[in-house]
Amino acid sequence: MLDKEGIAKRIAKEIKDGYYVNLGIGIPTLVANYIPANIDVVLQSENGLLGMGPFPFEGEEDADVINAGKQTITMLPGSAIFDSAMSFGMIRAKKVNLTILGAMEVSENGDIANWKIPGKMVKGMGGAMDLVASAENIIVAMQHVNKAGESKLLPKCTLPLTGVNCVKKIVTELAVLDVLPDGGFKLLERAPGISVDEIKNATAGKLIIEGDIPEMII
Amino acid sequence: MNKVVSDADEAIRDIEDGMTLMLGGFGLCGLPENCIAALVKKGTKELTCISNNAGVDDFGIGLMLKQRQVKKMISSYVGENAEFERQLLSGELDVELIPQGTLATRCMAAGYGMPAIFTPAGIGTEVAIGKEVRNFNGKDYLMELAFDADFAIVKAWKGDTMGNLVYKATARNFNAVMAMAGKITIAEVEELVEPGELDPDHIHTPGIYIHRIFQGVNYEKRIEQRTVRKNVR
Amino acid sequence: MLDKEGIAKRIAKEIKDGYYVNLGIGIPTLVANYIPANIDVVLQSENGLLGMGPFPFEGEEDADVINAGKQTITMLPGSAIFDSAMSFGMIRAKKVNLTILGAMEVSENGDIANWKIPGKMVKGMGGAMDLVASAENIIVAMQHVNKAGESKLLPKCTLPLTGVNCVKKIVTELAVLDVLPDGGFKLLERAPGISVDEIKNATAGKLIIEGDIPEMII
Amino acid sequence: MNKVVSDADEAIRDIEDGMTLMLGGFGLCGLPENCIAALVKKGTKELTCISNNAGVDDFGIGLMLKQRQVKKMISSYVGENAEFERQLLSGELDVELIPQGTLATRCMAAGYGMPAIFTPAGIGTEVAIGKEVRNFNGKDYLMELAFDADFAIVKAWKGDTMGNLVYKATARNFNAVMAMAGKITIAEVEELVEPGELDPDHIHTPGIYIHRIFQGVNYEKRIEQRTVRKNVR
């Protein structure tokens, strides 16, 4: 079973040289730490920055340099600043190659729910609806089951949707799965020490298992 | 070309109860701190505020919420604010949550004289309820209307007396789009300079969009999430 | 009767302190020379400049600094450069207070034709259609009659239109006229030495004459 | 992030007959001179060119027209070109004239992922024929579609190897909007620098929009209307 860092490490392997990537809050943010050193990747922060760097050293924080999670960050050489309209313009125009974000639920047809729980205080969708509606390639980083032990990979989402037919890949503590264009979670890899049966038991939506499922290499 | 006002009080003098305001900034970054303080002092009420966030309890729009000056917030994300939550749950405050890109683009539409724009954000979700859906090239889009704000209030790093503005780093965010979108736009700047001191090629908001400008004082520039590196990567 | 410079001088009196003004090619360009020194006016050039200054001194021309007429110009202190999308954005958003342009024909309901003559090579409308469709305040600078001696102030335009119901004021070599919201050319001023009858004879559209018509002061 | 190509020939290597190209510039200002020369050399034909103007007889797109490489021009103003006029009158060339602001905004729409925009330009004129008219707040607007260009070719003053661009003065014009709008965008620059040499706050076109970049050579930067002052005002 993977921990959060493990999920981030596995997702980092999906990033290719030359990619522009938008990382959501939570596990996706950790992915930045595991991007291979031999590829060039530019991180987009939707508040208006391309070229997000690591956190600043103590004492070097600048209130005017933050990411979409409102964290103080740095800018790498070759960074560019732009306003919020252009930021979402480039997202809508599919210039961002990969979006990685968390989810509460994903359905077998790629719908995602990650912004609202009825009865609880709703904080808002931020940029998530824009990102999932436009991104060509969306990877969801999340736990396979919720705190109540219920699967988050469902035939149909039960929570209010953030977007429809958009998730392409899911990485959880148990597995890597593709969401097929015609529907269904295709199991690609097992987490170290996790059996196919364990994944079956944790997946409520249609799970497609073909041939041997390799253990993932991180 | 008399755009310079003495301070925030003069800049917001004719903002009245019930008006719709745009307020620049993202999180606590790039907030028009002086104008918010002046609005709190003036006590203007029943405001509709278009702003990506609602500040925190004791900073940003949170200060106006605390005084019950806000009737409605139009935002994309309103976490980190306990008083906000209390007013929302008690029904004192109305909130319209809209996707961040839709928020930004509806501001831009106002500044660019476009009555409506199309975006796929929100298709298939509750955001789409009651809105026109239109298919272009096989993909569905929502039609979203340009905002109509009585005032836009933005904060820039530098500005000249003709209203030309330059923002610093990610404090540009919504400031640059809202600056174009107010019927009247007020800009507060950290440094007010004379015409010619800003490079024409480096101006982010041309002065034509700005109606009032002043040099602000005592910027706190609070950091919402102070994150630092423990060691070198 | 006014010459071109005279028309430009008279139009310059319509410009108020604090105005952002877009000047078309031809007579409108000359207006810049007569803006009173005691008011602040910013000239917009729709290729992407606010703060257009006079022509450069010999030897100081810069190929990268031109106006919408493709002429080398200068930039005044406080100028701002922007791209073509923002330029027409501010025009559509009615941030430009006054547009001054030439015309081939104007109708009594404020329609304007100034871009195309059937049978002749059409060069294009450039930014004229955008300007007339959006400007709150449009003054037309033109000759009262064409070279064939026919009135250019008509009940209805005969040439392909550039825009409808948009012209607010006309200054010709003979007169200053308002286009009334309900239609009709309201005669406001006569050019020096021009009689009301001469203006009547040169105006094919509905001419409205109320009381004494003063001679214009330039 | 390998965006740098050696020269214009390499940059345009896969532009094929029948493609749609956007070409930046206004008049002769800010033209991608190197790429135009390479296209003339390559002899690519049946091109649809989206460009505000069509150059003059012996400069700019005029050079491509002379070689009969252009099937259709989409422009707002095409005067000052005798060969253009000859081809147009003889039926060899197709021309679609559209308002300048519509042209610019349809480029921006492509770069901002908006399938269509609304503009009042052309309402009541022959430009409106066959287009959807829609009323917002009592005013009519035309719906105009985003452009779909195989390549956009722009010229900037400076650029870095990651594709970030800075334009000089009014040479920004259509370059900055078309740079966002190509399926593939090629940028030629007067000076190519390393990442970090351009101030992130001063970049006009973020590198994400640029696919290929090179430092051009031998810029003529011809002036179309050389106008000078005779004496001090």
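Things worth noting here:
Order of writing sets the labels: A, B, C and D. Residues in every chain begin at 1.
In the analysis below, contacts are C-beta pairs under 8 Å (C-beta built on N, C-alpha and C of every residue); 3 or more make two chains touch, one makes a residue touch a chain.
As the structure is a prediction and not an experimental result, all values here were calculated from the model.
The interface with the greater number of C-beta contacts, when A-D is set against C-D, is C-D. Centroid distances built from C-alpha atoms place A farthest away from chain D. Computed centre separation for the pair chain A/chain D is 36 angstrom, with centres defined by C-alpha atoms.
Between the CA-based centres of chain B and chain D the separation comes to 33 Å, rounded to the whole angstrom.
Measuring from the averaged C-alpha position of chain A to that of chain B gives a distance of 28 Å.
Residue positions of chain D touching 2 or more other chains, listed in rising order: 105, 112-114, 119-120, 167-169, 172, 200-201.
Counting partners per residue, chain A has 49, 75, 81-82, 85, 88-89, 91-92, 134 as the residues that reach two or more other chains.
Chains touching one another, given as pairs, are A-B, A-D, B-C, B-D, C-D.
Listing the residues of chain D that touch chain C in their complex gives 26-30, 52, 75-79, 85, 88-89, 97, 99-105, 107-108, 119-127, 157, 167-177, 204, 221-229, 233.
Within the complex formed with chain B, the chain A residues making contact are 33, 45-49, 54-58, 60-67, 69-73, 75, 81-85, 87-89, 91-92, 111, 121-130, 133-134, 160-165.
Every residue of chain B that touches chain D in the complex is listed here, in rising order: 105, 112-120, 136-137, 139, 141, 145, 166-169, 172, 200-202.
Partner chain C is touched in their complex by these residues of chain B: 1-2, 110-114, 160-162, 164, 180, 194-196, 200-201, 203, 206-209. Chain C contributes residues 17-18, 20, 40, 42, 44, 49-51, 75-82, 85-86, 88-96, 134 to its touches with chain B in the complex.
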